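Inspection log for the structure reproduced underneath, given as structure tokens.
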Amino acid sequence: MPHYLSKTNKLKEFLQLLIGHPMGFFGVVIIAIFLGMAFFAPFLGTVDPAASGDVDNLLMPPSTQFWFGTDDLARDIWSQTIYGSRISLTIGFVAALITVISGTLVGLIAGYYGKSLDEVLMRIVDFFMMLPELPLMIVLAAVLGPSMWNIILVVSLVSWPTTARVVRSQVLSLKERPFVESSRCIGASNFQLMFSEILPNVVPLMFAQAVLMITEAIYAEAVLSFLGLGDPTSISWGMMLHSVFESGVISESYWWVIPPIVSIVTLIVSFSLLGTAVSDVLEPGYKEKKGY
Amino acid sequence: MALIDVENLKLYFMTRRGPAKAVDNIGFSIEKKKTLGLIGESGCGKTTTAMSLMKFVKPPGEIVGGSIRFMGKDIVPMSDEQIRQLRGKEISIVRQEAQNALNPVLTIGKQITEMILEHESVTRETALARAKKQLNLVGISDQRINSYPHEFSGGMKQRAMAAIATACNPKFLILDEPTTGLDVVVQRQILVMLRNLKEELGLTAVFISHDLSVVAETCDRVAVMYAGKIMEESDTVSLYQNPLHPYSTALIGAYPSLKGARRQLKSIPGAPPSLIDPPPGCRFAPRCEWAQSICDEEPAINSIDGRRVACHFVKQ
Amino acid sequence: MGLKRFFLRKVVAAALTIAVIVCANFFIFRMAPGDPVRMMFRDPRVSEGSLELMKQKFGLDKPLSGQFVAYVKNLAQGDLGLSFSQQKPVLEVLAERIPNTLLLVVTALIIAIVLGVILGAIAGWLSGTKLDTFILTASVAMYSIPTFALGIILLLVFAYLIPIFPLGGISTPASGYEGFELIADVGWHMFLPAFSIVIWYIGEYVILTRSSMIEVMGQEYITTAHAKGLKKHTILKNHALRNAMLPVITITGVNLAFAAAGVIEAETVFAWPGVGRLAYDAVSQRDYPLLQGVFMLFAFAIVLANLVIDLIYGYIDPRIKVGG
């Protein structure tokens, strides 16, 4: 079966093409920087971001002691910014993981088995897709209460239908391909067909969806936190913006607003660029178009 | 003077690995009111040649040499605007039945009248009347003038295409596999329609196909193409009864006959050559039964009794 | 399939969707921890006696099914409950704010769609050129930036740093503007929030129109049009654009969910007194009835807008208008 041949080569080739793509390159670099920020947070001159400090240090502009200044509870903004990357990236990856896995399973089963199972599953998917995303997330988050896991749950709940639909489409067309027929002829079971034959061919699509979902999840966390639905025990970039807004000192504390805004925008745009690059590279004929 | 006169035409596709010589130094001419058939295997260059007669060259393709004369004027150096004015009006094309060859959001009537109005200064009413006449000409009721393409069957779509293509009474019609993909009954209808059109409008045509029997019925002369070159060109009857080039012989021999004794099907072994790096000399040599060392040299084109053959072994 | 049957199908589907939303709304809010009565009537000044009455009215003393029936009955009569943070019935609060949101959203969408489609068509027609790459990259960036983040940046730069625009709200308070002055004042206030929404939409529509154009241009009938010797702009207008627009119209309906998000974010950042801002207010005040009302309003509006768009599409696409 073709997809088993030189899997590592294919992966290397894919990464090469991705980095060769201008958007892909830019995206990968920026994301790597943020990943570094998240991993090495404790070593980057940071302190506990939630620790309120001295009353003397309230709302201080950047200085040698506080590189990005302090907020209205004398907390170090530099630390908040660095540690905030952990929250955004964690929520992004975990929510994307849950979404892609559940969406793919549903899409795989619905597409493969077809008929009434497909009908039922797709009705459920359609129902979810009818509800507007942000209003739904707000309502769910408000009702479930502010916590990181609730945010992850809410984001996954709202996003998995898209993945399910997309995967199902591909499974439908893959189902008819000769290699599936031939495997069925030599007696492969449904389970084997789904997971050993069809699934590997869906992996590139899953990857594209994953990048998309990460983008969505990071954005969702930022918005929900900004609107006041975030986890108050973990200070994410969105929460920082929420605090600035609530405190009403936005005009006098540019140092408090700029780091979270720049971080959010940069991270999300990078993932978006990466996503565009991934879908370009996965388009059939991309390699040839670029002259390889 | 022949209506169409092609000389030394070279059309290459510029790929990263070098130019693919899709059409390499071919020449033929078509007299007024005559139909030339162009046959050959897939990929031999016949469609590329046909499209080039209207200067439809898709990049990375380029005409790198030769001339294509329409009524004495060479179209190769013409500007986009000049060739645009010829298309539809003087030279028209009916292509292979494709699901999407007709614009799905415009009525058939609109698709005919827009062409008439583009090339001739007539009133809308005149254009509409002529559009209806065109439909009748191809065997479609003029009641369907306001129908949309999705309401037509495959055969009807093909006839509609013919109605559109001949709306401005062009002098030359390119028929690129017009019956391919249609079932035999519909094929017959289309062929009959095309014959009527040709007689009514006095059309000169080139008919591209890989279907030898269809070509035999409709064409006065036939040119056989292989790997970008013309192997043989002669009048239809002589070619079919007495093919001179080894490739033509093999091609016609490969066709089973409805009558006559049953025999084993003969196919031509091997595959067509690479167009980027074709064999030196005669391109058919690698698959030819009678090939010898002299075949490494480009064969001269021998003319015999108004027939032309590109082979070392047919001399007189 | 015929236009009538198509319309009927779409209307029925919309009705079903609304029914589903009504049910979903009910069940979601029953998930909240805590006493539902206290949740709905947080105002501690409400007496026990009134609370009992309310309980009965909303069927909260009955089992779940009873509550649901009461809920639907109330809904049908337009009773969406009481917003205690606004001290008014929810319906009234919503009705007050809807015009403001409509003003903002409709203006932003019209500008964005027109510009987006034009730029996208150009990019698609000129696919592969430098201009196309530039437009494409800019568009990807534009639709990636979260609306609220863009709003905050605009606010900082153009309202605080370089005070060209006001800090928020819909008009200058106590100014007594009338007529044309009022329009200008509102417009001045509307500029930044509308801009935030427009940016995302333009990006999305450019990408959409562009890929639709590219796909259309690869179709056979474009080659046919060239073979007919038609002028380039005739081909662009009658053949390419007309077909490329069809998927764009369809997707407009799908995109309305993003309009909802954009409106919520922009109104929050710029304190624009619309329904989007209500969501933020309701959340910060834990005003669940109001939040419920806002959610339903958005969901209903999107379903209705989608229905209208589907009907328009049915008219425009001859394959539906004249059944196949």
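Odds and ends about this structure:
Order of writing sets the labels: A, B and C. Residues in every chain begin at 1.
Following the convention adopted for this analysis, a residue touches a chain if its C-beta (ideal position, glycine included) is under 8 Å from a C-beta of that chain, and two chains touch if they have at least 3 such contacts.
The structure displayed is predicted, hence computed values, not measured ones.
The interface with the greater number of C-beta contacts, when A-C is set against B-C, is A-C. Greatest Cα centroid separation from chain A: this falls to B.
Chain B and chain C have Cα centroids lying 54 Å from one another. Our note on geometry: chain A versus chain C, Cα centroid distance of 23 Å, whole angstroms. Within the complex formed with chain A, the residues of chain C that make contact are 17, 20-21, 24, 28-29, 31-33, 137, 140-141, 143-146, 148-150, 152-153, 155-156, 160, 256-258, 260-261, 264-265, 268-269, 279-280, 283-284, 286, 288, 291-292, 294-295, 298-299, 302-303. Chain B contributes residues 54, 56, 84-89, 92-93, 95, 98-107, 114-115, 118-119, 147-148, 150-151, 161, 164-165 to its touches with chain C in the complex.
By the touch rule above, chain C contacts chain B in their complex via residues 219-221, 223-231, 234, 238-239, 242-243, 246, 317-319, 322, 324. Considering their complex, residues 22-23, 127, 130-136, 138-140, 142-145, 215, 219, 222-223, 226-229, 241, 245, 250-251, 254, 257, 261, 264-265, 268-269, 271-273, 276 of chain A touch chain C.
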